[in-house]
Amino acid sequence: MKKLMILAFCLLGVLSARGQEQKEYPKPKGMQPRHTEFWLPQPPVITPGSFVATVDMPVSGKVKKGQPATAPATVGASDIYVTAPSDAIVLFDGSGLEEWVGPKGAAPGWQVADGVLTIVPGTGEIGTKRVFHDFQLHIEWSEPVDIQGESQERGNSGIFLQGRYEIQVLDNYHNETYASGGAGSIYKQHAPLVNAMRAPGQWNVYDIIYEAPTFKKDGTFRTYPHVTVLHNGVVVQNHTEILGTTEYVGFPHQRAHGDGPIILQDHGNPVRFRNIWIREL
Amino acid sequence: MKKLMILAFCLLGVLSARGQEQKEYPKPKGMQPRHTEFWLPQPPVITPGSFVATVDMPVSGKVKKGQPATAPATVGASDIYVTAPSDAIVLFDGSGLEEWVGPKGAAPGWQVADGVLTIVPGTGEIGTKRVFHDFQLHIEWSEPVDIQGESQERGNSGIFLQGRYEIQVLDNYHNETYASGGAGSIYKQHAPLVNAMRAPGQWNVYDIIYEAPTFKKDGTFRTYPHVTVLHNGVVVQNHTEILGTTEYVGFPHQRAHGDGPIILQDHGNPVRFRNIWIREL
Amino acid sequence: MKKLMILAFCLLGVLSARGQEQKEYPKPKGMQPRHTEFWLPQPPVITPGSFVATVDMPVSGKVKKGQPATAPATVGASDIYVTAPSDAIVLFDGSGLEEWVGPKGAAPGWQVADGVLTIVPGTGEIGTKRVFHDFQLHIEWSEPVDIQGESQERGNSGIFLQGRYEIQVLDNYHNETYASGGAGSIYKQHAPLVNAMRAPGQWNVYDIIYEAPTFKKDGTFRTYPHVTVLHNGVVVQNHTEILGTTEYVGFPHQRAHGDGPIILQDHGNPVRFRNIWIREL
Amino acid sequence: MKKLMILAFCLLGVLSARGQEQKEYPKPKGMQPRHTEFWLPQPPVITPGSFVATVDMPVSGKVKKGQPATAPATVGASDIYVTAPSDAIVLFDGSGLEEWVGPKGAAPGWQVADGVLTIVPGTGEIGTKRVFHDFQLHIEWSEPVDIQGESQERGNSGIFLQGRYEIQVLDNYHNETYASGGAGSIYKQHAPLVNAMRAPGQWNVYDIIYEAPTFKKDGTFRTYPHVTVLHNGVVVQNHTEILGTTEYVGFPHQRAHGDGPIILQDHGNPVRFRNIWIREL
């Protein structure tokens, strides 16, 4: 079996390395399994949510490579149900926006209806009242079916981590744009590994794992912020370094900051959101 | 708004830092947005799967913190349907084991029935015929409802990445064990961040993102293998360093190796698996 | 030229990758060199020290691979002079121990004579009064010429970073010990890349670059401490991860802590030190 | 003592964490020191060089913060002697350029005299015949005393790692330029932590530790190249990520490549070099 052959090969490699094995060295004898079994701290027990369910739910009983899937007759778009993990802060459950503020501390101008949050263009961005350090964020979003325009002018919005590092939201379905500006990109820094976009009207899911930066004395990054993004269950950013702020013109800036909010961008398109929760790490 | 205050604070901090701003330095004027827009390489377009659906699907229309959820009457355990992403290699779709081999290259001795793969204790581990480098692995597993024993003697199995680094599979629901041996642990190295276990009979989901190590001349790690694990949609390992092989007795070993298979462990318990796919990164 | 060939090869590789280049995409034209020239913050200006000079100073006018070198007649061991960088905190300049304390806050029991600090066995460790976060540490040490014993019983001492992570000090010259316990090792965790030891009586130099850890809520490492060590100008640890405390018995522990002192170990051997300075990073 | 107080504090912190300690868990008793003592592989034994000696050698017998230092009467600039480590490849020992080639594979046009290599402006860059992966590079350089111009027009040259990632060489002594273009910068990417420049006519020393990148399928970095730079013994880059090629106009490019040479730039200024050696890691 290939595995055994690889192991044998490695063993030979080690044995021949500098011929050190002719010599007898002490060996760590007498170890017990319990010597490597640590009981504390015990991980906290949580109840996981049913974290994703989509209108793409197929009818087949088998795993198949992503064919266009049809929702079973008994589960329609409006029947999609999820729970958040028991240790999550629910930021939007379909009912109201008490966790959010609009520009200058005003009430958010966006629309809540049928369990869905829709951007009202021109009312400005909304941000969480809470601020966060390291976290896991779950957020679902959907592009308008009657969408117009192309490239960046097509269902554009964004999710700003700690208020300054943008994960792009865009209708990237059969719509090309610059690679580092596509859905799942760290805006103008890192293209997504793949384009895992669903069609307008369907729900996209982002699961975002974020680590905040630490700073040097001069305010630049001592350790970079990192982000892992799953787009519809597919990894599109894998512990990617965020190089600084995600600027429209010019380069990323690095400036010291503390915890920050989640901000959703008003880029003039009526993108919809639902099922938003966050877990502090 | 807090965000603006933080920005203002940072700006002040920068302005006052060493008083350098009194002096006039050249500024990068004249930049255009297009200067930071790169079109190549374009990310490959894939069709995402409907990557998770579980028996925990609740009946409520809102996101709620993980309460015990009841599947809708019309969606039972046997009705769970998923598709894999279009660029995935499906390793088990419920039908057969043509992607797997048993010990010494023999046919796998495990049972396939009703779309589910069940360990037949004593028949030995099974491993993929293919070998992998960096990858995203999706795998679902379920513990027997009539499970006996405690600590490690309770629904024990494991998933070996590149044939040597084990992500623990265990019934960790209302069952304590050493922290670094729980479900979602890198066995005997890193405890999971939380215990996100579902009850016996329910389906657990692992989404595993793995980066292979590189090696120094002496065979030890030049760059460590890293793994991110989501257990039921909750991050339990976040780009965690794997310190070496996951040994039952003694310490992790570091030895140079090439690509390796996914291996599922026979630890003597009839753990069940389904919906296994992998994407090479 | 090889370089051009490599570039050409890479270019071909990119051009052929997925054949994307047939298509015309926008290009970032019109960029000026000034667009990538940033003037602030300016790095602080320091006066570097003459940071190393050793009794090994050879007589030849050419670089030669490390042959046994003879000090020029006019420069003997007692004539070696160094300055610390202008932004360093001088911890020991040969005159006194005002920067140090002994066990339980008592005055240090070690001997200062002829510009050299010598361990008085049995008087206990000494530690800096100051505590540090990230830093560059320069320290010189020398083993007794009449040294006895073997393996770990030979000129053993140690330098504890932030009071808890030990870089081993040992006479490792023609004296074998376990690899992860040699000079330049992170004690019982990481062997040095090479053994760059000078003979007893000569001066060894450590240049140590250290990054402090950050912590998760449970007190374990969120980001690991890292250390780079040059031993006599040769890299022996290259941004190596420190796995936790450096224990004599058992495994590294991870516990949250703040800034910490530099501690020099009394392991019962009269090891000598000189020229100790530190720069906060 | 502060250290004990910190330890006590940490212990209390752990004990109070979630009150888990009331419960009795198994403890890893019976461990012996030998269980954590590993003898293989033994680090290779090398003879370190006398890796740095400069014209700044001061006359005082004590460590002092970097005051202007005077070389002892008996050790002048022409008397500085060093040896390279015994496992180094000596690239320039003052005698000849047999390790180097000029543009298009021609013989290098630079001048060798008195053990020093001087750029002959207009003759083009020179590169090593050998190519390298991971390495430690030692190189000394000196700016002309009759230097003219300012900012980048002052003693400009550069050291290209793997033929494409430039560490800037510049007379940065009492000469301001953009921060990311100063001596010790990764050109147009990362400013040095400090400006540790010596005056024209004196010798500067770079000790450079480099880790090559690995690549994703699309040719972008899977793991970034990293570099640590000591400038005159002072850390100016600490395991800094190299973002891509170091471009004069525009942004870093990421393209897959293999091993590459050390290249020294002809930027039109008669910068001098000496004592160049490299150790493969």
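First chain written, first letter: the chains are A, B, C and D, and each begins at residue 1.
Methods note: a residue touches a chain if its C-beta (ideal position, glycine included) is under 8 Å from a C-beta of that chain, and two chains touch if they have at least 3 such contacts.
Computed from a prediction, not measured in an experiment: that's the story for all the values here.
Engineer: Using the contact definition stated above, find the chains touching both subunit C and subunit D.
Structural biologist: Shared contacts of subunit C and subunit D: A, B.
Engineer: So which has more C-beta pairs touching, A-D or A-C?
Structural biologist: Result: the pair with more contacts is A-D.
Engineer: How big is the gap, in whole Å, between where the Cα atoms of subunit A centre and where those of subunit D centre?
Structural biologist: 37
Engineer: Indicate the whole-number Å distance between the mean C-alpha point of subunit A and the mean C-alpha point of subunit C.
Structural biologist: Each chain reduced to its C-alpha mean, subunit A and subunit C end up 38 Å apart.
Engineer: Mind pulling the residue numbers of subunit C that touch at least two other chains?
Structural biologist: 14, 17, 25-26, 28, 31-32, 35-42, 44, 178, 193, 211, 216, 218-219, 250-251, 281
Engineer: Can you list the subunit C residues touching subunit D in their complex?
Structural biologist: 1-4, 6-7, 10-11, 13-14, 17, 28, 31-33, 35-54, 56-69, 72, 74-75, 78-79, 81-88, 90, 92-95, 101, 103-105, 115, 127, 129, 131, 136, 138, 163, 176, 178-182, 188, 191-198, 207, 209, 211, 218-219, 226, 228, 230-236, 238-239, 247-251, 255-258, 260-261, 263, 275-277, 279, 281
Engineer: Spell out the residues on subunit D that touch subunit A in their complex, using ranges where they run on.
Structural biologist: Checking each residue of subunit D against subunit A gives 14, 17-18, 20-21, 25-26, 28-32, 34-42, 44, 193, 216, 224, 241, 243.
Engineer: Quick one: which bits of subunit C touch subunit A in the complex? Just the residue numbers, please.
Structural biologist: Against subunit A, the touching part of subunit C is residues 25-26, 35-36, 38, 41, 134, 178, 211, 214, 216, 218-220, 222-223, 250-251, 281.
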